[in-house]
C-alpha cells in the first residue's frame, strides 16, 4: 500500500506522516506539496525531520493517482475546495483533513469560512468521517472532522442520541492549545502574548459550529442550535470541550451513566471515565477521547468533560482511523499509541 | 494609620503587604503570625522580601488592637472562625480575606468548607464586602469576597439585577491560575502535572458557590441555583469567569449593553468592554475587573467574559478597596496600579 | 517637565510609558511615532492601553524639541542611526533605548547590526549609559545599554574592575525570555515552538557582544574577548546571565565576596546576595539587578548569577534611571517598584 | 522474556513500563513495589495507566528472580544500595536506574548523596552503562547513567577522547525540565514558583558530578575537575547541556568537526548536527542525543550543545538500550521512537 500526503509542512501533516511511517499496512509514503515546482528535501522543508532523506514532490493529481492508492490532504481551508474534483471524478480514495468538504451547502461554507466553496456536487460526495460513529468503509471521499467538532460531538453523542437533554440548552465551552491555530506565527500565538494568558476568540463564529450542528441534527433533529465558545490556552497540544445541558424531566445520573457506557462500550478510542473527570494529559499522544460526566441535581444540569489530542484524535489520528475503516484494516492499526508521560 | 496583617506567608498576604507599603494613608504595617511564638525576620519567613528588615510578631489580639486601627486577616479557611471573636466583641475593624465569615449559616459553612464554623453571631456580624456594590463604609467586620465569586458576581450583576436572564439557566465555566490554589505544593499544582494541562476540579463542590448564591439572591430572589465549574489552567495569576445564560423573552443585545454600561458607569475598577472580549493579561497587576459581553441571537444566550487578577481584585486589591471605603479614603487610594505588560 | 516618547508600540516603549506616567517629576508625556502621518488614538495602536485617551502624533523633530525637554527613543535598531542628528546638533537631551549609538565605530556597528551606521560624529557624541557605573549627569545623548549587556556587565564588574579573574577565561551563558525578541511574531517565538523548549540563537553573533567588550575594556584593558551565548527560554520576562571565569592565582572566596560588597554598597538598584543565588522572579517587575556568586575552589572558577527584568533594568527602567541622573532627580524617582509576586 | 520493574510510581518507572510494553522481545512485565505489602492495581497506584488491568506485587527478591530474567530498578537514591545484594550474589541481571551503584567509592557516594552507601563489593560489581560507549554485553549489574551525566558525557566525549581541549577549562551549564526533579511536590517545582522562572540549584553540589568525572577520567586522565552548574527551567521534559572548553593550541574547527563525526558515525542514538544547534524539542520523545558544536576562534573556545529527553535517553530509554546490549538484541529494539511534534 502506497499512500500520498499533501501538506506535510503543517502540524497535522507532520503528525500524520509520523503515524503513517509506523503503520503496519503502509509500505511507502509519497509526499507532495501544492506550493512546490520541483522536488525538495523534506529535511529542509520541515527541520523536525532532520534525519529523513525523503523528497517532497510538486503536486500532481496524475502522479498521485498513478503511484498511490489513497491521498491524504492535510492542507488549510481553501485548498481542497479547488483540488478535490479529479479525485471525486475518478472515484479515487481521499481523506481530507481540512474543513473544505465537511458541510453540505455552498452558502453555508462561504458564510463560515469566508472563502469560495467547493461545488455542490463535491460537497455531496463527501462522507463526514466522525470515525467512532460513521464508518468510512466503502467511502471514497472522507471529510475528516475538525478537532473541536470531534471532542464536542463525542462528548454530546450519548446525551443527544438518547434524547436525555433539552436540545435547546446545549452550551459548549471549548479550550484549545496553540497548535490548533497552525504553524504560521500570529500575534495571538506569540509566546509573549499567549503565555500566562487566556484568550476567547471567534465568539459564535467558529467554523466548526456548522459541522457540529449537521451531525447533531443527523442524530436528533430537535437540536436547533448550540452555544459554542472557544478559548486559546497556553498549552501546545490538546482540547478540552466542557459541555453543559439541562436534562429532560425525569432523567437522572444513572440513566446518563448508562447511556455513556452503552454508547462507548467496545469503541477502542473512547474511554468513558464516569465521574473521574479527565485532564488533558490523559490523552495527549494518543488517538483517545476520554469523557467524564457529572450530573448536578441542584441545577438539573449535566456537565461532560471531553478531552482529545487535537493533532491526533482531532486530526491525523482520526484520519488514520478512517483510513483503517476504508481499507478494512484493524481499526487500531498504527494507532496503538501511548500517552505522553508525565 | 497603623494596620495589622496576619498571614504574611501566603500569596494574598504577600501581595496585600506590597499594596499597603505603597498606600498613602498607611503609616505603618505590623505583621503577626498565628504560628509564631517569638519574633522572626520577615526576610527569612518570606524570601521574596529579602531586603525587608521588618520583624513578624507572634499573634496577639491585645497587641493588635492596642497598636493598630485595623487588622487584615489573610489566613486560610479555618483560622478566623476561631480568632474573630475578640475583635467582634470590641467592635474593632477587621478585613478578613478568608472565607470563614462570608456565609450566614453555620451548617452551610460546614457543608462547603468541611471545617467547624464560626458562631452564628459572628457570621451575622460580618458584612460581605463585594466592594463595587456593597460599601464597607461604617462596617466593622468585612468578609472580603472570594476570587471566583468576585469575577462571577461582577460579570453577572447587570443581568441579574435588571432581570434580563432566565434565572434558572446560569452556567459559569471559571478558569484560574495556580496561585489561587495557594502556596503549599500539591500534586495538581506540581509543574510537571499542571504544565501543558487543564484540570477540572471540585465539580459542583467549590466553596465559592454559596457566597455567589447569597449575593445573587440578595439582588434577585428568583435565582435558585447556578451551575459553577472550576478549571485549573497553566498560568500563575488570573481568573476568567465565562458566564452563560438564556435571556428573557424580548431582551436584545442593546438592552444588555445598556445594562452593563449603566451598572458600571463611574465605578473605577470595573471596565465594561462591550463585544471586545478581554483576555486575562488586560487585568493582571491591577485591581480591575474587565467584562466583555456577546449576545447570540441564534441561541438566545448571552455570554459574559469577566477577568480579574485573583490576588488583587480577587483578594488583596479588593481588601484595600474595602479598607478605603471603611475609612472614607479615596476609593482608588493605593490602587492606582498598572497592568503588568507585556 | 514634558517628555517625548518615540516608539510606544514596542514592549520597551510600552513599559517606559507606564513608568513615566507614574514619575513624580514628569508633568506630561507626548507620544510620537515615526510611521504615522496623522494623529492616532493610543488605545487603538496599543490595545493594552484601552482606557487611555492620549493621541500619538506623527514624528517631527521640530515639535519634539519645541514641546518637550527630552526625548526617549524606544525604537528598533536602524531608526536613530538615521534620526539622531538634529538632536545632537541642537544639544537636545535624548535617551536612546536602541543599540544604534552604543558603539564607537561605524564598521563595528555594521558588522554586528547588519545595517548602515550612524555617523562617526554621532557615535562619538553618545554616552554609554550603564547607569550604576557611568552617570548620565550633564550628558546630552545617552545610549541606554542592551538588556543582556546590563545583566552581564553588572555581574562581571567587581571581578573585572578588581582584576580578580584571568581576563582570558570569561564565559557567559545568558538566558532570556521571549519579550526580549520583541513584538513581531516569528517562528522561534511562536508559542508552539517556544513552549517546552530551549533554543540557543546567534552563537557568537549577538549584537550585545561589542558593547559589553567596550565597557569591559574601559574597566580593564586586559580583557580581549568574551565567550557569550544566548538561549531563548519559555518565560515572558527576565534575563539570567550565568557568568564563569577562572580566578587569578591566590584569589579566594573572601576576596570575591568583598569586591562585590564594596562595588555595590550604596547602589540602590544592585543587590549582591552572596551565595544565595537569585532566581529570575526576584527581580521581575523591578529595576533591580540581583547577583549571587559562588566560588568553586576545586576548579578555581567563580560563577556569578546575575538576573534582571529585561524590560525594566534591561530597557525602560534603566532609561528612567538615566533620566533621573541627567536632570539631577533622586536616582530612584519613579522606580520604587515592587517585585511581581508570586 | 519476562522482566521485572521495581519503582513504577516514579516518572522513570512509568516511562520504562511504556517502553517495555512495546518492546518486541518482552513477553511479560511483572511490577513490584518495595512499599507494598499486598497486591495493588496499577491503575490505582498510577492514574495515568487508568485502563491497565495489571497488579503491582509486593517486593520480593525471590519471586523476582524466580519469575523473571532481569530486573529494572527505577527507584530513588538510597534503595538499591540496600536491595542490590541478593542479585549480585546470584549473578542475576539488574539494570539500576538510580545513582546508588554508579560510583566506585563508598565515601564518595556518601559525600554526594548524603546517604549510606552500598558495600564496596557491590560498587565494584556494577558496570557504568553509558550505552553509546560502554557496552553492557555480558554485564550483570548495570548502573544506568544519570540524565545530566548522559547529556554532558556525550557532548564532551569527542573533545576529551581526542585530547582536543585543555582539560582544565571544562565548564558545563546544564538546564533541566521539572520532571528531572521527580514526582514529589516541592516548593521549587510548584507551578507558581517554577513558571516564568529560572532557578539555579545545587551549585557545585550536583550528585551527577562524580559519575561524570569517573567517566571523563576513564577516557582521559588529564581531566581533574569540571565546573558543572544546573538550572531548573519551566519545561516538563528535556535537558540541554551547554558545554564550554578552551581548545588546545593548534586545534581548529575542522578537527573538532571531524572528531564528532568519527565518534558518532554509526551510533544510532547520537546525531551530530554540526553548527545547527539543536533545540530540546528535537529529541523529546526519543532516545536520541543531538549535539551541535560551534567553535569561536576569537576566544579559542568550543561550545557544544547537547540535548536529550531526560526520561528517555537520560533514564528509561538508555536502560532499554542497555537491556538490548545485555541480551544481544538489536540495539534499537523497542526504541524506534519519534519526536513528539510539534
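In order of appearance the chains are A, B, C and D, and numbering begins at 1 in each one.
To be clear about the criterion, a contact is a pair of C-beta atoms (placed from the backbone, for glycine too) under 8 Å apart; a residue touches a chain by one contact, two chains touch by 3 or more.
Since the model is a prediction, treat every value here as computed from it, not as a measurement.
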{"item": "Contacts common to chain C and chain D (chain labels)", "value": "A, B"}
{"item": "Graph separation of chain B and chain C (steps between touching chains)", "value": "1"}
{"item": "From chain C, the most remote chain by mean C-alpha position", "value": "A"}
{"item": "Chain centre separation (chain A, chain D; CA means) in Å", "value": "37"}
{"item": "Whole-Å gap separating chain B and chain D, where each centre is the average of the chain's CA atoms", "value": "46"}
{"item": "For chain A paired with chain B, centre-to-centre distance based on mean C-alpha positions, whole Å", "value": "39"}
{"item": "Residue list for chain C, restricted to those that touch at least two other chains", "value": "11, 177, 179, 183, 192, 195-196, 234-237, 281, 342"}
{"item": "Complex contacts: residues of chain A adjacent to chain D", "value": "11, 14-15, 18, 21-22, 48, 50-51, 179, 183, 195-196, 236-237, 271, 273, 276, 281-282, 285, 311, 336, 338-342"}
{"item": "Footprint of chain D on chain C - complex, ascending", "value": "169, 171, 173, 175, 177, 192-193, 195-200, 203-204, 225-227, 229, 231, 233-238, 240, 242, 244, 246, 275, 277, 279-281, 284, 292, 294, 296, 298-299, 301, 303, 305, 307, 342"}
{"item": "Contact set on chain A toward chain C in their complex", "value": "11, 177-179, 181, 183, 185-187, 189-192, 194-196, 234-236"}
